[in-house]
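Both complexes below contain subunit A, partnered by subunit B and then by subunit C.
Now for the complex of A and B:
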């Protein structure tokens, strides 16, 4: 049955950004509700990691929970907006959460791009594969290729090796020279952001190539090999699994539903993390991919700003600096032209509705393609094929519509 | 860009109605251009339910829907499979004795006019649709009704027109319709012997004196649930509520999609311009549906959307010649039946333009009645 609650500050996302955003207002005795769709706190990075860092999210939650003015709603999806209320589906039923101030800290997802064979069993997103292994998938002794782009690849490869996997190749599409130049520019600012670069030192024994990308995955019932373009050569590599991701895409759907301005796929904010909509803040990856450290800072800044506390200029300055580095990092992992041409006409682009590259490419925009091929109409709501189409065809994704996650029809029904 | 060419016909609007008109006219050998400010099926047509249904609110409505359904059955023979035309039939559900009497009346109405239908009692109703709750009085099965995925069908009609020589101009807004053609924002003109205004809710901006109101509707679509429903199911209470223009209303209406998804409707609200989901009426609509089909509550909904039905004051579409501009034809105001009645509309318009007698008496739809 539906329930209604109210809070002064409501935060969506219990990753690093959301947890930091909660701290200030909770300590200042404001009523705070922290919503996350996962049962466990910590977001993509803290939730995932075992040991010290996972304890950190747990410890933060524990500390926050000592305050009576704090309420946590784990396992709860925010799927829509009705005025100043978030419409949520929780394990116990549907809940309306009314906010005075809202902080959106919804993180990012991987960009997946289609190529022949990418829908074969045992082909995963790189971060997705890591998550599965954390969830208990056994990879010991498995031959795995990690491919795509971005610092996440090295982090994933490192993690999989630590779980006994045989990582046979890491294929990064960006040119080595670009990454080296970027890496060298960082020696003065050893930020968490590029922690992954540090992993490379530990991955010396793994074959690691640049200017390289998977052109095809082969197999019948499941993956058997991948064909990789390495520089000017093409090589076929036998493997049991492929983890392939092309860096990250901000989760902006909730901000879009609220009417916040979105530019280049990211939520527009000022230096206090205020969006273009009154009483709505945004922190972390949705404002542009810039990694853990920026998520921590932006969360803290948004929390202070939302409760009207004075801001620490030091945080603002530091965040500006990190964001500049992040911009450089994102440019360094810019996707190469060839990736637009990997899919052939029969390659599926929208996995929910089986819409192919050939069918979709006949149209001149996502909306027309969607109406005619149903791409983006499935359960993932175009999160995957919408982002892919942006790169493949240069299409603006269709505007976000409720529900942003599939929900039980009863959750739409509300109260009598 | 300036247009110097003169066409036999220009069709304004590439919704299902304009698309069907263009197809007919091009098949009949006219030179046609079809204009839309966005593209094919981007207006109300994108939002509709695609139920092709014979209705009995009035004799005029019956005649147009029945004629249209026959034409759709003909199209269906050649429509590509991905238009998802399926002859699933309609079940009109009677909750109580009063509604069962209504079902019987409907049965007789159809029978005297040669439309097949079959009374269902409590038991045969639940056999036909096991997810309906127990205790409903019965219903009426109309096996000839169908469903279609209308955005694809509209695109197919436009492609058919193109195969017969038609041209398209998409992405440009028409600002004026005259007896000799149309004009765009920048002053460019297209000259045409006949102008067909099939601009849906936009038609009233193009032709003075036309009043078309927006009747907003909500729909919900679920994930795939094979065999959850097998007919389009509509409550008979719908007849009491749907056409009262004073009040917002909701009605139980579900449709099996070829994709195995379940489409849940519907709501009606007058004169609202905001397309945003209205959770108050969405709540009423879904709860109404649970009253008939409780298991719907536990299905996963993947999308909710809204659309604006183009409603005339007398609930009949405007189909025919403008009384003062003899080269201008109206094909607009199809309210909640435009997917169905696009077929009959297009046939009537093509006949009028060619100077033939339409196959059904078109006088009830003659726009002259509103001027």
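Now for the complex of A and C:
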């Protein structure tokens, strides 16, 4: 390790939860290190638009950086642990970060499911496509289909349209009646309701269908069209790009590596965001998908709890309420059975090792399939195919093992 | 910013990610899969590793997580 540092509070993830977690301890003059995989702060939801620095995350980082007891490590990923130290690879070399208290705020990723043609260039995650456009990808005049499930689809479609894209279809797999029912249930959360109505109004001229899903993407070497099941009919639509995502999956790898209990794919925490491992807290999406406001609250609660400050019960109560709404929302976007049967035997499930559905389905668990087909052993360490297999086959992903991120051999050897 | 992508010179705005830059100049693929398929970015957030390219001679860099720098040399597969 080229460098060794230590801090009282170490936070992994500079999204809304991580930034809020940092604020209390930094203001209270505790030494705080904030590690983030991304070059810019804000996580996915506050991902900055190319060239814009005056965003909320940027301002928060700027405020925090006025304190000498705060250190930020952008573009840095944690690949392993050693006792109370995180082993990290940063742009400047390897760093060992020792913590007294650790707050995990690693966010969530999109659930991406295999279907024939999903490995073609120009097939992206829905949020993935938005992130690429924020990074400077030009979509003006492009014909784009947005599909999958979840509230993200509308936000992405709206964003792409504002960038000049021709969004030719939004295909939501959930039934419209279920979404309407959930929407009506939001009367006690007027802000959320206003947001939903606002997006729907902005997208009035975009064709939106429910009970619908992409069954196939076609093209050779590049996407040319998608075939979509719309209710009882099947339609082929020419397009330049497809953004398809199936709601979110908590990023729990670091928590798992530390030995924190995971239940139903989420990190188990108490109401102060304490995990089952001493001196380790977890906040935001890794504790269960519940959105921005909950991430802000949980980050703040974790930050206070980690420095031993009492928390106002108001935050705890508000968070409980939001999490109940989130549970209802997650159920509303429950995935339909047909999605388990889209892949055929030749469809690649593990994109790192090109292991197919046919090869993998011969086995009765992820571990066995992994040993024979190498699925989940590639660069992404099973982050994509492990989550997909959980849905497709009902397999529990193998427990996280170091390195949880591919690293240079010199980093593993502790040279550099 | 001036960069070299597969030995060809291009200008892209500062703040652009390498992934966006490679797509702007229309390369056939970022990397080839183990069975030779062309691959493009997928998750856009550094999770899936599909957008790997060689940057300044260092192989397997996640292009969606790195912003362009003046004089950067990028190689796709």
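One rule holds for everything that comes next: the second predicted complex is superposed on the first by the 397 of 416 C-alpha atoms of A that agree within 3 Å, B and C clash if a C-alpha of one lies under 4 Å from a C-alpha of the other, contacts with A are read in each partner's own complex, and residues count from 1 in each chain.
The rule we apply is simple: a residue touches a chain if its C-beta (ideal position, glycine included) is under 8 Å from a C-beta of that chain, and two chains touch if they have at least 3 such contacts.
Fair warning: this is a prediction, and the values are worked out from it, not measured in the lab.
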Legend entry - Joint occupancy of subunit A by subunit B and subunit C, clash or fit: fit
Inset, instruction - Figure out whether A:110 sits in contact with subunit B (first) or subunit C (second), or with both, or with neither. - result: second
Legend entry - First (subunit B), second (subunit C), both or neither touched by A:142: neither
Inset, instruction - Pick one for A:38: touches subunit B only (first), subunit C only (second), both, or neither. - result: second
Legend entry - subunit A residues touched by each partner, larger count belonging to subunit B or subunit C: C
Inset, instruction - Look at A:368 in the shared chain and tell me whether it touches subunit B only, subunit C only, both, or neither; answer first, second, both or neither. - result: first
Inset, instruction - Considering only touches as defined above, state whether A:71 meets subunit B (first), subunit C (second), both or neither. - result: neither
Inset, instruction - Would you check which partner chain A:406 touches, where first means subunit B only, second means subunit C only, and both and neither mean what they say? - result: both
Inset, instruction - Would you sort A:130 into first (subunit B), second (subunit C), both or neither based on which partner it touches? - result: second
Inset, instruction - Classify the contacts of A:216 with the two partner chains as first (subunit B alone), second (subunit C alone), both, or neither. - result: neither
Legend entry - Contacts of A:378 with subunit B and subunit C, given as first, second, both or neither: both
Legend entry - Minimum C-alpha spacing, chains overlaid - subunit B and subunit C, in Å: 7
Legend entry - On subunit A, the residue positions that both subunit B and subunit C contact, one per complex: 353, 378-379, 406
Legend entry - In the complex, subunit A residues that touch subunit B: 80, 82, 87, 353, 367-368, 371-372, 374, 377-379, 381, 401-403, 406-416
Legend entry - Residues on subunit B engaged by subunit A in the complex (per definition of touch): 39-42, 46, 151-152, 155, 220, 222-223, 259, 264, 277, 279-280, 282-283, 286-287, 289-290, 296-305
Legend entry - Interfacial residue positions of subunit C with respect to subunit A in the complex: 12-17, 19-21, 23-24, 28-29, 33-35, 37-50, 52, 60, 64-67
Legend entry - Contact footprint of subunit C on subunit A as seen in their complex: 37-39, 44, 50-51, 75, 109-110, 112, 119-125, 127-133, 135-138, 221-222, 251, 348, 351-354, 378-380, 383-384, 406
